[in-house]
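Paired with chain B in one complex and with chain C in the other, chain A is shared by the two complexes that follow.
Up next, the complex of A and B:
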């Protein structure tokens, strides 16, 4: 066998050079596992070591890493999350995305912890992995095909329904900067557009089938522990809601808070929210509940539209984010059209969030008279026009026409290309579109958006504790002394702590292979100690909560450092004017702005980052065993390379001030 | 005791497979699980296959090796690995396909292969314990529900198999 000293891991990984076709099965370096766990952590380490700061995200020098964690494939609840890491074509910075489903576990059963894809294939290919058999196969016959057809073809031509796939659609092939990688049926690793990296590498798909097993350090203890956690999650007070509605259940909760972005964040409540709610979705469209690997929650659903204009639509993994991005944020209350849009995004291979934001951006430019009539490609860009929305999704995926090609760059780049004050309406941080939250209605989320290592993102810190105020969970995790401010979404006190802790714990969860929605953040039964126990029973590595915290910090700091190599500093930790200068008109958040200045200094202090530059201090990096990183950072800034790269990132910085007519 | 499966409740999470393999094989290896979930999400096919509530037990009478398959008091038909030759007669006799053959070094009478099937975990089946939606439950043996459940499962398996064959997919692990 591999001779890897720890259980839980396959102990090997694949390195595939797509240009030469060389496929190497390499032993997993023990230090990677001990210092970075797996998944997100190891991916970050590889990116840091192997993809230089100047690399073009769509060039052969970028690498794409598909990575499973040590818990993947084991019995822990939801232990099947796949991490995809690479340099993002949308932001030009550190990029990652995470998907559920059954791919990561299958990869482990085949005997590999991760796959590193390098260079660029001369012709479209797919990577087939069947246990020991690993080969590149021609994919010209599915190049151009949608995701669903590609998956079907791959399973049929290999005569195996158990084959798990990660596939790109036409959007990835056409280098749409927010293209997704679609993983086993309709789960998406979509944020930061790594599907375009796959497309640039001429790699249509990865198909994997594994029949082996994963050795476990202490199977009996792990079985008991995992079973206990399964049961604790099933008995959690929020289980029923999560199980029945999944994330769409949030719609009805976010609307009254003013945290349901509407009309490109002009508002935080949507009058049509009831039409888009989890309850409507379940009542009108549910076919059945489905689950990711070893998950007792089953927040995933298959939905169908049985009548009307969108009859025949079958959509699954419809999330809160999608209901917001293709619904409220473009003022669309027609639920079947949102389901159709979700189906289209899954088939074309698009991130529903960034795609929806690109359309919202175009609709707002239209509203403000910034788009010239010849730039509208004959489309009616009125708010809520869902036919235009669906049409644009198709055009974006093919980069068709002026608007399709422009929006395929993402709102933050499109604003730079277009000029004319359009930058005021691109709602992003560090190039990544802001997802379906509003920092005015939930202060911690505003902070999370700016400190996230992949640009505006809710899932890095995932501060759910103050989202709708869970005092019981808050005091269990942090202590009663932090109440009531900690659970007050409009208070800024203690939120720096909440966000930092969430980022570190989230980095560990994403590196272990379990899920943030099932037991770690939502239905919070698994925290540092439980995670440490699961990891040590799985791997045999002696590990406790304190050691895990250090690993989480190490991973998060290294991601920050990778961005800093591109000149990203405190100056980029900002939200667009709409969140900081334009008081929210909606719900409980009425009159509130996001008070970043009250939280950021405390955040940098907790992190050990310089309060002026926002860069990790030398001592911080030394404490985390990242000494080399400090030197690389210093060199990048002293040579001026970092500043030069910052100027070339391609997106326009979020506008700090409102457009003149609103001042 | 017997296991009754309701495929319409299955979410396809495979927790049953991983816990089954963990308790029987000491590692996470769904391939060697005694319960298998056949699944094609895109076609809405979800079918957990495990030793069904049958009263005829054709596997028992098909087995040519004395003691390799036996009926335990709790109603489970169990494999005595040291006597199993891997001849697959039981596997062919089971209409539902709940018995599988595995070529495993050092296992079985000849040290090459063995059949695996559900043994009801000595009365507390792990698949039942971890199945949140209740797609696998225990029931008293030889109830009238058992017979109809068996007929229904067999029919579902046949139609799933036909569907897969149509797609060019190999449906069932045939002995080579």
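Up next, the complex of A and C:
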């Protein structure tokens, strides 16, 4: 027994010094669990406490944290998510990513709530965890291998097909700034480039096998609650669509909404949308439905291409975002090539969103004559050229040629390196490429992109209520007093509240270990109160919805504070000109721009952040129990360190104004 | 009479057995009336997905010529060569 006072936790964590090879099994600090829950929250706390603002994300001083929540490995729906936290090589700021699959629960079964990876191994290694046996092993034989081959090798040499892995591909090894960490089975912790942090540490993989159990505070109550919530999810209006089509089921709806970024966000609708739709995927390529740990939804699928140019392609976790990034955003309507691209990204270890955006950026520069002929490496960068797309994915992962090396930096850094007005076409916020969610067509999403703690992102706030606009859902979650504006995607009223609530709830979900795409955000069968009941029955910690809201706020504010140490202020809470000054030409959003100025002041007020600087106020931080944070921020700005670090982040800020020829 | 093109998405296409069709409709038919007619044509489970009693389901999204059709707009008469898109409950990202 670990002696940890609360159930639901393994009560221990691993701290691995990759330089010395020292592996410590340490008791989980009780305050971490009580104040930050687990997963994302504890990872944020460690980053804040242990990784100084001046740390190079690719240097030994950065730390990589793989963290499970207290619900992971238990019976609650969707309770198998893994959080990965570190300083992002892409943004230079707070970074995190989240993956489904079976790694997080296996780590708990092995007896560890999280792993903190420090320093840098002198030679390529992998970390093997088999319950009490934890050791670093040589990995030179799989260094350079793709993710799939690496997984197979690790299973074979450990004589265990059930071993769960977190692996980087060549992209992570080559320090591509948007490299992913691939998690069993073919799930991706992809955003913010934390795979490059693993690569910089010479850590090829973590392989884990656990045969233990997890103590539960009130097993009988928990079983009843889990059963009730599983059944409610299965009966939910959204269930059938989510189960049959997964997130690709959104593709068709986003077309008339004008929210499906096309041609590097020049448009919000794609004429080839039906070729890329969830319906086409299921009809033409489905092999079988699969699911993550303890998930009743099963939104994941295995798809195959059985004929034509891409015959033999086998792909899974093909998400809405990938269909946008490797499809519409580069004007590619060839679905088999998108599946091939997804398979390549999973094997090479690339974030499909940032990879697709980098290629779209290059294609637009080519269209506008910004790329010189010798900078194209002989490639035909015409829109829709899927062979070039697939070629570039390979080149980026190896940093091959001028273009492969340039785009491996990500569009926002490439724009700084390239100059010549290319910054107008790097679609990002705080260095992170904007996902397939056009903020002109959904005002809350525009706000969410700028307030997300990891840079442009839909998943921090995940404002699904006005994405789809169902009044009964909105009433159930927030009350009828916010209707009708709350469900109108083009209205700005109440959207600050929606985004703040989503960010706080999202921080709690990511810290508990369950999934945002399952019963929480989309179906809201597991919302604040149900989440509190789940955590209480699992851990025994007395907790209610109000206390959870405080924890969510605490986590989110600490992430904002970490970014502020790097000089991030209100001045960085901006969108590219295409969102704010170029009216959407598409669908229901035609004529609309994102009216950020109507939402941001209200958001700061709700947050208790300074309206001028956008920094959390001293009273806010004190209320959240973040002792010392205000003083640390003040010192960073008064000393000039924060401003100096801001100047060194490496990406060029998104251009607020259109290029001269469009003014 | 007018011609209206209707496209079904997600589980609705499974319920109707078709992805799209062109209907000949009376000149003054509204979007709301079109939905009642489709519910009558296709029966369950289509009906239960698009209707809530005699009203339209809160979880149905309708687009007319790529513009969201809701509220009072559902009472307006459709026009010849209108394109209607019907989506069941879907959300996420």
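Going forward, the second predicted complex is superposed on the first by the 663 of 663 C-alpha atoms of A that agree within 3 Å, B and C clash if a C-alpha of one lies under 4 Å from a C-alpha of the other, contacts with A are read in each partner's own complex, and residues count from 1 in each chain.
Here is the rule we go by: a contact is a pair of C-beta atoms (placed from the backbone, for glycine too) under 8 Å apart; a residue touches a chain by one contact, two chains touch by 3 or more.
Everything numeric in this text was worked out from a predicted model, so none of it was measured.
Student: Please tell me, clash or fit, for chain B and chain C sharing chain A in the overlay.
Tutor: fit
Student: With both complexes overlaid on chain A, does A:138 touch chain B (first), chain C (second), both or neither?
Tutor: neither
Student: Scan A:588 for contacts with chain B and chain C and give back first, second, both or neither.
Tutor: After superposing on A, A:588 lies in contact with chain C but is clear of chain B.
Student: Give one of first, second, both or neither to describe whether A:52 is in contact with chain B, with chain C, with both, or with none.
Tutor: A:52 sits against neither chain B nor chain C.
Student: Counting only touches as set out at the top, which of chain B and chain C does A:611 meet: first, second, both, neither?
Tutor: In the superposition, A:611 touches no partner, neither chain B nor chain C.
Student: Thinking of the overlay built on chain A, is A:419 touched by chain B (first), by chain C (second), by both, or by neither?
Tutor: A:419 contacts neither chain B nor chain C.
Student: Quick one: classify A:640 as touching chain B (first), chain C (second), both or neither.
Tutor: A:640 contacts neither chain B nor chain C.
Student: Of the two partner chains, chain B (first) and chain C (second), which one does A:21 touch, if any: first, second, both, or neither?
Tutor: neither
Student: After superposing on chain A, what angle in degrees do the C-alpha centres of chain B and chain C form at the C-alpha centre of chain A, to the nearest 10?
Tutor: So the angle at the centre of chain A is 80 degrees.
Student: Once chain A of both complexes is superposed, is A:308 in touch with chain B (first), chain C (second), both, or neither?
Tutor: A:308: touches no partner chain.
Student: Check the superposed model and tell me the shortest C-alpha distance between chain B and chain C, rounded to whole Å.
Tutor: Taking the overlay as described at the top, chain B lies 17 Å from chain C at its nearest C-alpha.
Student: Does any part of chain A touch chain B in one structure and chain C in the other, and if so which residues?
Tutor: Shared contact residues on chain A (touching chain B in one complex, chain C in the other): none at all.
Student: Which chain A residues qualify as touching chain B in the complex?
Tutor: Residue positions touching the partner: 73-75, 102, 105, 109, 148, 151-152, 155-157, 159-161, 184-186, 211-216, 219, 222-223, 226-227, 230, 234, 243, 287-298, 300, 302, 316.
Student: Per the contact definition, I'd like the list of chain C residues that touch chain A in the complex.
Tutor: 9-11, 13, 19, 58-59, 61, 63, 66-68, 70-71, 85, 87-93
Student: With touch defined as at the start, can you tell me which chain B residues reach chain A in the complex?
Tutor: Checking each residue of chain B against chain A gives 8, 11-15, 18-19, 21-23, 25-32, 38-42, 44, 46, 129-130, 132-133, 164, 167-171.
Student: Report the residues of chain A in contact with chain C in the complex, numbered from low to high.
Tutor: Going by the criterion above, the answer is residues 237-238, 240-242, 244-245, 247, 249-250, 252-253, 255-258, 269, 277-279, 320-321, 435-437, 458-459, 462, 464, 467-473, 484, 517, 521-522, 586-588.
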